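Before anything else, here is the set of structures, which you'll find just below.
The two complexes that follow have subunit A in common; it is paired with subunit B in the first and with subunit C in the second.
Right, the complex of A and B next:
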């Protein structure tokens, strides 16, 4: 009896999560828009980070695959698009190629990493991402190395911050809606079954490895889109985008927000960006403090900020 | 083809060998299961029964030998492909999706059966609810559809284990000690229930079971394993009278 009634708030929570995430995102963008040009310039990377974190959470939360190499997919998308744009391709073609390249990179990464012990999986994703980082850093003639890859721009009509922010809002909203539908689809149900018990999922008739690789490819495409959006916003790609901190910051906000809800990484990313923008003027130790908070959340509130905000009744 | 040929056993194992390093776990095992049979696989602990199941379901790859499913050799096929060919399995230790509800647990194999795992859009919720309800009703879990599997009582988890296996619509069902951990008095009724279900659905079943009273009263045919080999195979009456079986089981709780 008590179990059946406990299922009710959970359902409400599932429905309220995305709504709250949308409300917070809109509030963030709206608030920044009031601050004018400078605010919009903060809103764009924030939205890109939100999408990047949500794409990672398809693997971490829905798929149970803790990847430490998500930056490689982000950077692949951004660099491929930047290279093509620099060589005269229009933005749309460059963007599509960047997204496709990121999906391909994700598929290759998954083919190598998936189906292994969790520790081996984490180390392999990390190692492959470092490999991508080194290639970008050392292959100066193509990537520009640590000078970055510059010398391209979005088309004339997208060069204003307002216009680019509008494009980013549309692209990120569309991608998040697709991710939300995906997690609720039969594919999402199969991915959760694989996460919860891969052995049994195989005996239920699911090709575990194929499902995990497909999840990687989709997640990679979304991370690639985030990279593309950043490339054209910055009018350049820089090697830090492939760095270790890019991967771990995304993982950090997934844990902070709660990996088991769709809203979790979105809320986590917004909070992270807010703290990263405001805190440095107060203390230079803000990143360490955020780290301590994430450890505490991981230990005592594994449902994350999303769970704290949305399901107070479930707290014991 | 040979699929509907009554002379071809549904499942035929011959010369099956499984070695783990230097240990021979399964040593030249042969047996055949006729269509529609309720076939018991018995033997003391360590006889190799579960290893045979792991080989039959693709969890392990045989070192040698063939496994024929309606005449087609399937040895070494991965589990998900064998499930598509009609091999279903329940586990000795409950093996469920613990956070998911009863409904979601049963939905997984139905989605796989319809290959809907590749549908990226559309909703999983509500999918196959009619079939799920009917299966839950069959195994007696109709009242628990929204309960997470991990919160079910142990006996109900055993029932869910059965429902998840049935949801894949197997033609051959491998039952690994479905009464494991249940009180002695509950075993015979549960296995009788499963046997009647298997018959009603036109399935063939192989059951691993330790309770010999249950085996002798319900199985059509019995294969006895001992230390990785087949010790005897036959009708329950023959097995009961077999001196080799009696000798091997002496002092291990064999009630003839």
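Right, the complex of A and C next:
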């Protein structure tokens, strides 16, 4: 336990990190926008993945809770919104319901998993996510099973890729700004205190379990928003969104970028999406290779890409 | 009639679940490492059984050869993996501990894709066990009874090994407190290597045993890891006997769940897991700390 926390740089790059993340995200979206409609169609899932990874890092990095069940929250948001939209509700209320459902699911998950030893926590989050996956996969009448849930669309004015991309930029930027504020608020400080030493935090008067469950609910709402955005972009939800790979990809991205900085998962997600878009034409085994690279990053550069990029700036 | 068949089916599931979960909980209990790739090695065991039996096509003893060779090979791979990779992960932060095992999951999936492709692979039942057996008042494949018997024999052997041999004593000592055991002269490094090898042999055996029943398919590695997690958590982390009891319960739940709601039989396992943990947070067979 002490090995990594000693190796991780604890200084925070208060402005440099978020500024770098914003610059890189804007560069990515801008670059893709130059490629026209097709580029924008790549930018939307990229931004959604950025938000998803950042929401996971509230638990993993800030909260020290290694959740392997984040896909369940993402899928809950997406599927609930998709179901309501399919049954005639407008996009705004479907989206709100999806976000609320994801937050509720996160709270339930947290109530069962929080406060256990880290290993049991990992196994439980993964097992509960598998339960959600199985229900979505098998409950064909409601979810469409492995055919996916289709038959709904965003309102007329959002059907162009450009308009939807603009909405995604706004939603993701807003959510990330809220997340950044949150991590730097007293609540964020309390969450870090619980991560670093739960016993001492409790002794100082913090309600450890309530703080952890609240972090889960907020993280779940953000993951749910990511799911909602994807549902309306794809005009469908598919069972893979709840799968093991959805959770592990986000976890890999957090480590790749660095879990201890706000910019880390954002940079990691951008790099991952770039690799996932470009690499398949070179080798179909890119995910294994990336996995090995992330292991090496985790073991030898625990501050991640964010740390590597920001260190010179911090020294100056 | 029907009940007898469901009981036998449940026992078969339980035997396989136990073999997978026992390895997982042993590795966790002694080495304090969570191996997410455990089910991947189960899946690879099935594929290895497939490749061995097809390579020896026509030989009547091909299956039995696989039943011996794959666990031995898996034990060797386990010993090497422990020495090369897992040894570096003991005592490390839990996130860094699971990352390499996630990478192993990806590597295993890609290996299956590269060597065997995406089509499911079936292994034929060994001819010697291809007769119908009259048991519990029903007629069932003799192979099912063989799998259940194998599970029971391995469980008994495991008990003898852990509770009655010198090696078992050292394993229990290492699991209880590695530092104290090492101070008292136990070569804990070698104990952990051998525990890893044993766990891998068990999971390899589970793979070969299940091959004639369900066949091998690419997605089953993760699925079996997660199911084994449920077994291990409900049984109590690190408790082999808790895992045995939980595997039995889950095997029956799956088998009888099929009668109630065929599609959600597997989901019952996870619902039961959540229910047990709400009422007994430390699992069924471990005293709360």
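We take it that the second predicted complex is superposed on the first by the 299 of 316 C-alpha atoms of A that agree within 3 Å, B and C clash if a C-alpha of one lies under 4 Å from a C-alpha of the other, contacts with A are read in each partner's own complex, and residues count from 1 in each chain.
The rule is short, and it goes like this: contacts are C-beta pairs under 8 Å (C-beta built on N, C-alpha and C of every residue); 3 or more make two chains touch, one makes a residue touch a chain.
As the structure is a computational prediction, the values presented were derived from the model and not from experiment.
**Student:** On subunit A, which partner touches more residues: subunit B or subunit C?
**Tutor:** C
**Student:** So in the superposed three-chain picture, is A:159 touching just subunit B, just subunit C, both, or none of them (first/second/both/neither)?
**Tutor:** Touch partners of A:159: none, neither subunit B nor subunit C.
**Student:** Using the touch definition from the top, say if A:200 reaches subunit B (first), subunit C (second), both or neither.
**Tutor:** first
**Student:** Contact-wise, after the overlay, does A:87 reach subunit B, subunit C, both or neither (first, second, both, neither)?
**Tutor:** neither
**Student:** With the two complexes superposed on chain A, say which partner A:135 touches: subunit B (first), subunit C (second), both, or neither.
**Tutor:** After superposition on chain A, A:135 lies in contact with subunit C alone.
**Student:** By the touch definition above, which subunit A residues appear in both interfaces, subunit B in one complex and subunit C in the other?
**Tutor:** Looking at subunit A, the two contact sets intersect at 3-4.
**Student:** Within the complex, which stretch of subunit A touches subunit B?
**Tutor:** So the residues of subunit A touching subunit B come out as 3-4, 7, 181-182, 184-190, 192-193, 196-197, 199-208, 211, 214, 218.
**Student:** Residues of subunit B touching subunit A in their complex?
**Tutor:** 57, 59, 78-80, 83-84, 88-89, 91, 95-101, 104, 107-109, 111-113, 116-125, 127, 146-148, 151, 164, 167-168
**Student:** Would you mind writing out the residues of subunit A in touch with subunit C in their complex?
**Tutor:** That would be residues 1, 3-5, 60, 66, 68, 112, 116-120, 122-124, 126-128, 130-131, 134-135, 138-139, 244, 248, 251-252, 255, 259, 284-285, 287-288, 291-292, 294-295, 298-299, 302 of subunit A.
**Student:** Considering the complex alone, what residue numbers of subunit C touch subunit A?
**Tutor:** So the residues of subunit C touching subunit A come out as 28, 32, 34, 88, 91-96, 98-100, 102-103, 105-107, 109-110, 113-114, 222-223, 226, 229-230, 232-233, 237, 263-264, 266-267, 270-271, 273-274, 277-278, 281.
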